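Going by the order they are written in, the chains are A, B, C, D and E; count residues from 1 in each one.
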Amino acid sequence: MRLRFNLALGAFLTTLVILAGLLAPWLAPFDPVLDADLMSSELPPDGTFWFGTDAQGRDVYSRILYGAQISLTVGIVSQVINSVIGVTLGMTAGYWGGWWDDLVSGLTNVMLAIPSLIFALAVMAVLGPGLPSLLIALGLTNWSWTCRIARSSTLSLKSQGYVQAAQTLGYSDLRIMFTQILPNMMGPILVMATLGMGSAVLSEAALSFLGLGIQPPFPSWGSMLTDAQRLLQLAPWVAVFPGLAIFLSVLGFNLLGDGLRDSLDPHMRTRKP
Amino acid sequence: MLQFTLRRILQIIPTVFVVALLIFVIFSVVPGSFAASLFADGRTAADPELMARLNRELGLDKPLLERFVIYIVDLAHLDLGTSFRTRQPVIELINSRIWASLELAMAAMAFAILVGVPLGFLAALRPGSILDTVTMIGAVSGLSIPQFWLGLLMMYVFALQLNWLPSFGYGDGSWRNIILPAVTLGVTPLALLARTTRAGVLDVMSADFVRTAHSKGMSEGQVVRWHVARNALVLIVTTVGLQFGSLIGQAVVIEKLFSWPGIGSLLVDSVAIRDIPVVQGAILVIVLWFLVINTAVDLIYAAIDPRIKQG
Amino acid sequence: EGERQGGTLNFTAPYGSSFATLDSQASPNTQEEFITQAIHRSLYSWDSLKNEPVLELATSADVSEEGTVYTYHLRENAVFHNDKPLTADDIIYSYLRIAAPQNAFPGASYIANIAGAAEYIAGDAEGISGLKKIDDHTLEITFVAPINPGFALMMNTTAIYPSNVDEASFVTAPVGLGAFKFEEHVPGSQVVVTKFDKYYEEGKPYLDRVNLILMGEDAARDVAFRNKEIDVSILGPTQYQAYQGEEGLKDNILEVAEVFTRNIGFNPAFEPFKDKRVRQALNHAINAPLIIERLVKNKAYPASGWLPVSSPAFDPDKPAYDFDPEKAKALLAEAGYADGFEFEVTASPNESWGVPIVEAILPMLQKVGVTVRPRPVESAALGDAITSNDFQAYIWSNQSGPDPLNALRCFYSKTLQSACNYASYASPEFDALYEQAQQERDPAKQIDLLRQANNIVQDDAPVWFFNYNKAVMAYQPWVHGLVPNATELALQPYDEIWIDETAPDSRN
Amino acid sequence: MTEPLLDVRDLVLDVPHGRGSLPILNRVSFQIHPGEAYGLVGESGSGKSVTSLAIMGLLKKPLRVSGGRIGFQGRDLLTLPKREMRKLRGDRIAMIFQEPMTALNPLATVGRQIAEMFMLHQGKSRAEAAPLAVAALESVKVPNADRRARSYPHEMSGGLRQRVMIAMALACNPDLLIADEPTTALDVTVQAEVLRLIKDLCAERGTAVLFISHDLGVIASVCQRVGVMYAGCLVEENETAALFETPRHDYTRGLLGALPRLGSRAAQGRQRLIDIDSIIADRSRLTETRFITPRREETP
Amino acid sequence: MTAPLLEVDDLHVRFPVAGTGLTGRGKRLLHAVNGVSFSLAKGECLSIVGESGCGKSTAALSIMGLQEPTEGEIRFRGRPMTGPSAPTRMERAKAVQIVFQDPYASLNPRQTVWRSLADPLRLHGITAKSESADRIAALMRSVGLTPEQAGRFPHEFSGGQRQRIGIARALILEPEIVVLDEPVSALDVSIRAQIINLLLDLQDQFGLSYLMISHDLSVVEHMSDRVMVMYFGQLVETGSWQQIFASPAHPYTRRLIAAIPDPAHFGRISAEPFIDAPNMFAPPAASDLTEIAPGHFIRRTALEGAARA
């Protein structure tokens, strides 16, 4: 019961973010960057500006809608990069073993030892602030967990009869990896990616706070929140709404990820009432 | 056991070496320089001659490879170099900050353990109950909150509105100063601990040997005390270790927000002014901390779980 | 007026979360100046009320005919915290240390005005020929040109250290001539200084102890100030606005026009900016007063030119560019940019002179057809990007005083782009006036020349003139003796400050 | 005939499903007399394990007993208070499970796990229980019992672990031992040793055994009487020899013919094995068939 | 006897096992298969029996090319399958196929049965839709399923049906040898008979050679022509099924046979005395098998070693 409720809530919140991002041009009453009238700055929420306006006089509601695009981009692209790196390394390491496995495992251990925020911080310092840098930085930081999962999944799948059968039937290694192993470990990878989307959005906010996130005028939630920090007393809505947006979307990704994991893992399902 | 311990400790070295290499490479291509950062606030006009002189004095005009060799040789002598900014040995700078970070990390971890583990345990013993539902919703929420947003809210509520606690800084080191940052920092590990504890306990509860214990005629309480607790502990210790190890790295944001004089804020400040030796030193120390904690966890693990020692 | 002895002051150091070093000579950052201000003294000091440098460690100075040789008569009652009396040796020792080539200290450029210093800095001489000890309390300094040495030798980076102390200890246990002596440094948290009983000024300081508390975050400072945990706080724009509207806070605010000019520098290497009309058009197209009112919350004075209001060469009669989009469009059309163009502004995240400002001008310029994109860089990378001339435009805050001659040096065509002529400005008329001013010995005439030169810069608009910083400090009602320091408001003469009995017990 | 030790009567078990419920056990009845070894055989999912768990009172959540009684020494276990049931468990009725690997706590020494029985049921202290545990290990012929008591389950082979389970189960001299497929996970040669151990020890102590297996051969070598389960019903019950000689129920016949018997090829040449599905055309009908006992001779 | 189809010559497989030294050094070699030689003739069913972990599966995997032998040679129709001149995976595929023990793990859950059967055909050059469809349909019928069922996913089948599909997959490339690794031990008693019958039928129909691994001696007796008894990596006894079951010579073989619980002899449990397990890391030197009757071989050293213990 609770499982389904969580999954539903997660799916609902995620859908909401996706819709907000996709439909932003139609839903947003104002342009997130150009409709900045300083005369109407820091207005509290009202009929025109549902979530109020920020220091530059921009509509917070519109910016949050457009911000969903950025959060989704950050979440999805960084996780795609993570998954591609993690799966490629993990799967080949698990499948081929040997020195390649030792190398990948060593690298994974190194990456795990460097706190991801600090690694992202370093990469951002090299690449400079901005969306592309952020995507790369976050894409390069969290693949180690995916890699570990891909590796261990591959190791256990490798000894499955159907993978060994594919070998005896003459399948090449690559064909086996793509047709036999990859489809069967997509579940946990997808779960990791979904959960990773949440942490990517959180990392974006944290990096923005440290001055290294996506920079304005892009309406990213993290940078909105960081900008709003100094307005907390004068115009709390400027901080509250982006904060809520981050919270709810990350909650959505997390619930969805948990839900997916539980529904993919029948062991968990029977255990949860 | 001694061999096992030694082996685990020796295994740290290559990792540290690779990390050192990695951060050296990253920060050798980072744009901006310490010399230029001196004039970044526009308060004094940039002086190109001074900048050139500074770069020469700091050895930044040497070829990359030479710098790397010097760096590694120094590292091998446990010398982390000299700060560009303060011209003090990096090790001294770190020494002056690491303890505050450890204090914060320990306080946060203590908070997370003292609250998270019992909550997770109770939730697992009564799956589906209100306590369980609330705990799990709280846990996933705790994982979804932007930390500095939470910190800001706490600061406003507990320091400004209620005026219960000081809002920032280390003060004279009293426990009152540490509460807000520690609680903020502790939320994530708390949520994770509550979840893993619950999952771990449920996992153990469904294990065959628990059924065996019941078939011996034990009561629920006896089963939990005699058989479940220790097995669940294995999982909890792992999570505690991973969290504790990475907490100092995660604390960067919180240290900045609460002006906590830890290694995280030292790191961020040093990155901002490109005080590269300090950056490298701080990251190495943070990584070393992670590795040491994890090795310690492995050893604890081996002490709890007799199956480990063999392999 | 009832100065009261005793008490503790909790003063904030608002420019970061740490002190880089306790060795003031080594650091160019404002953050460390708080320590210097309490512990150290320089040959000159800044008189905030007169708005000029005055002698500090000397009771008088004789100036030679040509104005290049100064003979200083040093205070006889000045004693270092280690009980060593101040002598001419200490000053020579300090200046040599500051200029020593292997040290590469930022203060070296101030010492460079002394004859023979350049050779020493370059490593070609053993000492500085222009420094001569006459006797223990008489020092003769020869300068390369007839300048006012006060501006350079008042800097915190030219503080005087005792010559009998191991150099290595300056980093951890500074010893100076100031009113307070070093007590303790809690890294990342605070520096504590306590009253020095043998301070040369009779009856001072009033305070027993000053805690220089590190607090980089605005929000944290705000909360702490409202909780009365700190006695003074530097305010950001939004806090300024908030404090102005609150009873109990609004009466204890100290404001000053600081000598910083915020601007967007245009790179003439970028095609559209070659044309003066384009640069002027941009000055007309942006509603600076509105940005100052709404975004900067009036915590700035609109800029009419380069030199700030507090500069002696400021021309109150010269009007600022008016906000006139039509005129801007006309100018752009004249210059051949009727359809506008697109450019990038290299900007740091700074709230008062960084990306948020670019965000605000973005819709304004859009209205005259010009598209502007912020190119965000980290603070540390900003200086590099600008001094390497790698930008189309940049937004920055630059020191524009207190010495107008030095401030306008940044538009002199012989000044390197990387030195401070960031917008690569070159104007023969300006150069002529500036060179004349350099030679002028009569202060009034010199000021007049500089005023004219400044106006030429304004007409040529190598930059968008945005504002002069208004520094704002809030203080608790029990704090007295703060002064409006135009060079940096946060720097206060701690020996003048006292607190009355309404202060909280913890500080009384 | 003596009073039965265990008297399962019309035991009905189901799981709630939607509004109604799914039947798991359908009126299962059998008796075990003191000292007797009774075998339950049947295909996977036929309800053997749930029957044993119902006797132990260890059924997990969705499963519930909805009818019948389980008499043990004159008392109905189904209505026994929890505390009383706990006292019986381990003390009077003990159980051995299939997987000796997972049925033992990996983090406790086997000695400790055996000692718990004495601590729980005989009020012994830990120190008093320890030597008793060693003795229990000796009784199941574990060499070096003294040292073995201090080792952990993972340090032992499957056969040894199953001996530990037996030692544990028999520690308090129970009246009934339930063994649910105790040898399925073991090698043939080890299986033989374990079976002999169970058989000998129980015979020695007069312990009754409920032995569950899907392997008729195993049942035959241990039990005097056999019950055949199919789809939640006990379809046939008989003395072991009689059951093998004259199986009456189609399913039993199928079961016997489905597997090659050692030596039969040598004796009769290779015979085609019987396909149970071909005998029992309509599996759903079977659940309705009546229970066959040697006394009430009926064919379905 | 005709020329052997498959010859295995002095096969050794050793696994390095991480040591516990300071740096993980002191690796030891686990001798999983230790000098096994045999040959398999066309149409023959040869069984390997033995204790769990004695190296049966490892030997089978080496024959399948899934495990590189440490030493020794495997020849198919005289052609070496190992070493430098080894055939490619594609070439090897038509010679030997395998049926696995666990019907649940032996089919890719994400592929329909049709794809699992059609893909190998396509890979081996049968690209015509109609031809592969015909072959799949015929094969599905041979293993007792309908061609229509091939459109389903594995989870829609019962364990017995999956095992039939596994057999179909092994036969799709028409190999000459099929390795059966415990083909029925994971199946429920009631289904075992069907699969055993099916395997025997298919052997007749296609003239297959089986190499069967099992520890269920009654199944072995029922199906095999010849039997090899393996004990800790070595063959200890080989012979025709009659020889092995009627006159087992090696003590381990005798023990194995005696341990089988036999419904016919209820109430009887027989267990020969324990033989101490040889050390897998330092196995006894291989000695030659001695022929004690035509086609009946026994290893002496192991026998003596066992007798001493």
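Worth pointing out:
Going forward, a contact is a pair of C-beta atoms (placed from the backbone, for glycine too) under 8 Å apart; a residue touches a chain by one contact, two chains touch by 3 or more.
Because the structure is a prediction, the values reported are computed rather than measured.
Least step count on the touch graph, chain C to chain E: 2. Using the contact threshold fixed earlier, the set of chains in contact with both chain A and chain D is B, E. Of all chains, the one whose Cα centroid sits at the greatest distance from that of chain A is D.
As a whole-number value, the distance joining the C-alpha centres of chain B and chain C reads 38 Å.
Centre-to-centre separation between chain B and chain E, using Cα means, comes to 52 Å. Spacing of chain D relative to chain E, judged by their CA centroids, is 32 angstrom.
Those residues of chain D in touch with two or more other chains do not exist in this structure. Among all residues of chain B, those that touch two or more other chains are 31-32, 152, 156, 256-257, 271-272, 310. Contact with two or more other chains is made by residues 125, 128, 211, 229, 232 of chain A. Chain C makes touch with chain B in their complex at residues 15-18, 20-21, 23, 26-30, 101-104, 106, 108-109, 121, 171-172, 186-190, 213-217, 219-221, 223-224, 226-227, 229, 260, 348, 353, 377-385, 387, 396-399, 409-410, 416, 418-420, 488.
Of all residues in chain B, only 31-33, 36-51, 53-54, 56-57, 85-88, 93, 96-97, 100, 152, 155-156, 159-160, 163, 166-171, 255-262, 265-266, 269, 271-274 touch chain C in the complex they form.
The residues of chain A lying in touch with chain B in their complex are 2, 6, 106-107, 109-110, 113-118, 121-123, 125-126, 128, 198, 202, 205-206, 209-211, 222, 225, 229, 232, 239, 243, 246-248, 250-251, 254-255, 258, 271-273. The residues of chain A lying in touch with chain C in their complex are 33-39, 41, 55-57, 125, 128-130, 211-212, 215-217, 227, 229-234. Every residue of chain B that touches chain A in the complex is listed here, in rising order: 14-15, 18-19, 22-23, 26-27, 29-32, 127-128, 133, 136, 140-141, 143-149, 152, 156, 202-203, 206, 246, 248-250, 252-253, 256-257, 267-268, 271-272, 279, 283, 286-287, 290-291, 294.
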